[in-house]
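Here the chain labels run A, B, C and D in written order, and each chain numbers its own residues starting at 1.
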């Protein structure tokens, strides 16, 4: 087993990995940028190294600097978390070249899955349904030809794409030219790779994914499925395990298919195969994430496995101790991602100082939180500050418990999407599981900001009382100051008078 | 103390007086009630009104009070009556006048979508700003006309920097 | 289902019940004493009623006052929690007489199980092993005679006893006379019932208990066992589910026996049968608690059932939805009770203001906490302020996770037993499960206070830096004051001078 | 600033100087190290020494510092050297002198187990006090003699009230 693991990340995921290491009695090395000296992950780690200035290109993405710290710190393994370098094959390769264990799959696998066209080809060959689409296309004419086969609308996508960048929807032939130019230039500038392909556009599919664990000895199991259809700006905000969309048969099927896919690439470690599910319950491979997911915690709760520990053990060469038939899901888990953002201002990020923080607690509540009361949310990084993971005996209990927990959650100083989560959790379509990736666009814009004020009098009275107290504190400060000043003033006045009197005396 | 409070689209007159230690007589637009209000944190209160219990948490910045009651946020703009009379202000009418559009955090201007003189509608995108690794569209708070554009694509922005003025 | 439930309790258990009610969409009514106006359970409830002055006899134990509030508030059921009126049959009877549902068993069952001699008799008749002992004894001679049969040492106990009161160990015949007098008078004064009996003294047994759930329709299931052998002053401080002491066969056996016992008394609701386990793995019925236990949370985590909700549903007449064979325990849970007390001063209670509070978080962590930062721990009630419940895939993981969590726990302003828990969790005997009810007496006294200072320099430096900051803040306050004073002083001096100058001028 | 600190049975000389913003030069009994110390809460610090990271939480009452490091409490009695010289005090020798025995919380005296003039041993029970629904035995902090008994059974006690003096 490893003696010391460097965590090449920050925020809640760094804290989460530190916790796992501590429970395994492995020392942890945190890296931090100049903006993160006071961050929670620095406080919780055993070792901490400054790695560079605030911009992530100079700190959390600076491979050379991080490798330097790995060597200096004596760490024998690196956990990349998610985001930053988690799917960077150069980093994984540099680790290997330096005889440091990269906790994740091999650079070759990262490369294969990072290239969307190659990944599609591998999966297709392994007998896994993929979204109908093309090979790499080299001209507008090729796009037109492929479009005729697949039909409109379709998505034009960068082969090296990801994270909602480098893609355009094309509704008709005359949109091909502008889309082609836009995607090509975005692909070149964002990914340094101008290749593109097209994919059939599925109308409001559901987003389903399967969690995979594989060891170095050829054993592959799946830890069931998750649904992540509640998204805004292509970003997941609520995830569930198990996926409400799947029935028993579809569940067994998609699990089996996912293992097939993981085997096809010789996968090792924790990974996720993402699928789109259409209205006819057909699913199509979308992409594979070769790392821990943000939403891994819902799976952990339902299958009862600490996935970060499993990653570490697999990376150390251990055999997976579980058989597929021993993995049995119990109950239902939901995760709400807590963002520092203002849902009423179009989800604008809201960095700043967290003046107050109270987390919800009690049965079935898990907090994975990367901040603390008094902490700064820096402007340089992702605005996700915490995750709230709720378990219930079934989906209904989980929803009701999530509402209860969100109500206990208090964040002061910055705005968050907690009220927005409340709105989703109260939505009838969410409650019955009737949603897809278009849910927020369809529903949130329509109903707009809720102007419902059930406790108007209480809120108004509270504001007035708070104002009264503020006024009083101000007055008290002035009074207190006044009191000491007065006594000092009297004293000084007395002295001046005495001096003057003395002067007059002299003169007399 | 009397306040003029704006909540949603309406103004309310709120009067509050501490009649004994942490017992307040409150009147909202003339309808009066007694409130047992204990401070249980820097801006956290436990309120009991007619044996109904509420925990409220208040986020104050200047005259804006964000009051969290029962998992719901109430955005209240509060001015004390005396100050209003002195200043001749009318609370809550801001959104009909000249609007200075700004962003709360530092960032970079990606694109300006309007020009001076353009008629814009409430909710229409004005500027695209990149901040916290995301592109954010800044929208118009009112129906009106763009009076002034203060930034251009590529500009770096300080927190709170004005982008443009809509009237 | 109920519309509104009054919670006749305070602290963490009141908060825990409020949470369950909120998830069931049932309104809650809190009661509070004058010392508890600011308590967390008051903040979290929907309604709150002052019930009397601080002493519990005038508030949380004042049956008439509480009934008044029940009626005033329109509550249709009462949850008594644990402690206070939870096992008071008069209260249960008064509820019934007023057509209010008491969430617990009938007053008759409470009475039967409250009388230790009667409870022993019922269980014995039901074929359940009880600690060898006597019937009610009416004189010293009868005690001597019974002692000859059972042997020394034995415990002389009040029939109405409980909570570690009204009992004496008797080692030899000549100790009978003083013990008889002492127990008799304590029993009369504490319980108003001078009857006593004797029981064989088991040397350092383990404390095992079985959780029972029974509905009004004759269905009884058990939710497996717990072990609560880690006690100080006869008070449990660490509990586990499942009991490490039991093997598969013993577990099945004790579960079956417990159901038998619950059936014998016609039990309804959640209840616990407590047993002593001797070194030969014989177990003996000790007593039955006709209420929720403090430690119910470890069971909840391992079997995946919200027990407070189950209590409420059973009280409302629902059928238990679980079959015994569907109750399958997963993993291992441990609870540490967090007390406001000073382990270095013989566990002296430590009430006061909680200046700072940070709860541990993350995977497998549940906090049931009755306080908050800024709250007062009143001197009038039990010093338990919170419970930390940890789940792990197995006992080893649970222990390691508990250590990790205890390390994150921070309470400032009052002393707590958190460091003491750390000491237990690090103890080799605890780790291998080799302990019994004598563990703390045997081990803690012996090793005494640990004078081990692994991070001596850090601690000393921290104290010095904190002192430096204190000193500076003091200086800054004085300076700030000084600055405004100075400007004011200058102003006043200037005026005085002007006036003086003016005066002189006049005089000239 | 120089302090005399008592930890366990020993005294240490601790010197601390802020050499640049939140960087401290610390010396403990003459051995020196640099410490990067950021205040992350009212009494909570993040310390980095030679790239070792520590979170410490400090509970202060008068000159007693309870420092929580790595899940362990360090009870430190700290006096600044100047004050010590002025007062002629010697830190950490208290436990050999006259001991005023008290209870930290209000309660009721159930029984007094010793009388004036009794020889007592460290850890021997002196008084039984009921507080927070439990009986608590107050024990002798030192080997010595009971010099003064200030309470009797039935007395109500304020927090911090002296029970007796042992020397």
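Methods note: contacts are C-beta pairs under 8 Å (C-beta built on N, C-alpha and C of every residue); 3 or more make two chains touch, one makes a residue touch a chain.
Worth saying up front: this structure is predicted, and the values here are computed from it rather than measured.
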item	value
Selected interface, A-B versus A-D, where C-beta contact pairs are more numerous	A-B
Centre-to-centre distance between chain C and chain B (centres being mean Cα positions), rounded to whole Å	45
Whole-Å gap between the CA centroids of chain A and chain B	29
Centre-of-Cα separation between chain D and chain B, whole angstrom	49
Multi-chain contact residues (two or more partners), chain C	44, 358, 372, 407
Residues within chain B bordering two or more other chains	41
Full enumeration of touching chain pairs	A-B, A-C, A-D, B-C, C-D
Chain C residues within the chain A interface of the complex	15-16, 19-20, 22-25, 44, 297, 300, 304-306, 330-331, 358-359, 361-369, 372, 393, 397, 400-401, 404, 407-408, 481, 484-485, 488-489, 492-493, 496-497, 500, 504
Touching residues on chain C, where the partner in the complex is chain B	30, 37-38, 42-49, 72-73, 372-375
Chain D residues within the chain A interface of the complex	36, 38, 40-41, 46, 48, 51-53, 55
Chain C - residues contacting chain D, complex	233, 342, 345-352, 355-356, 358, 379-383, 403, 406-407, 410, 412-413, 415, 418-419, 422, 451-471
Partner chain A, residues of chain B touching it in the complex	1, 3, 5, 7-9, 12, 14-16, 18, 24, 26, 28, 31, 33, 35, 37, 39, 41-45, 47, 49, 54, 56-60, 65-74, 76, 78, 80, 103-107, 131-134, 136-139, 159
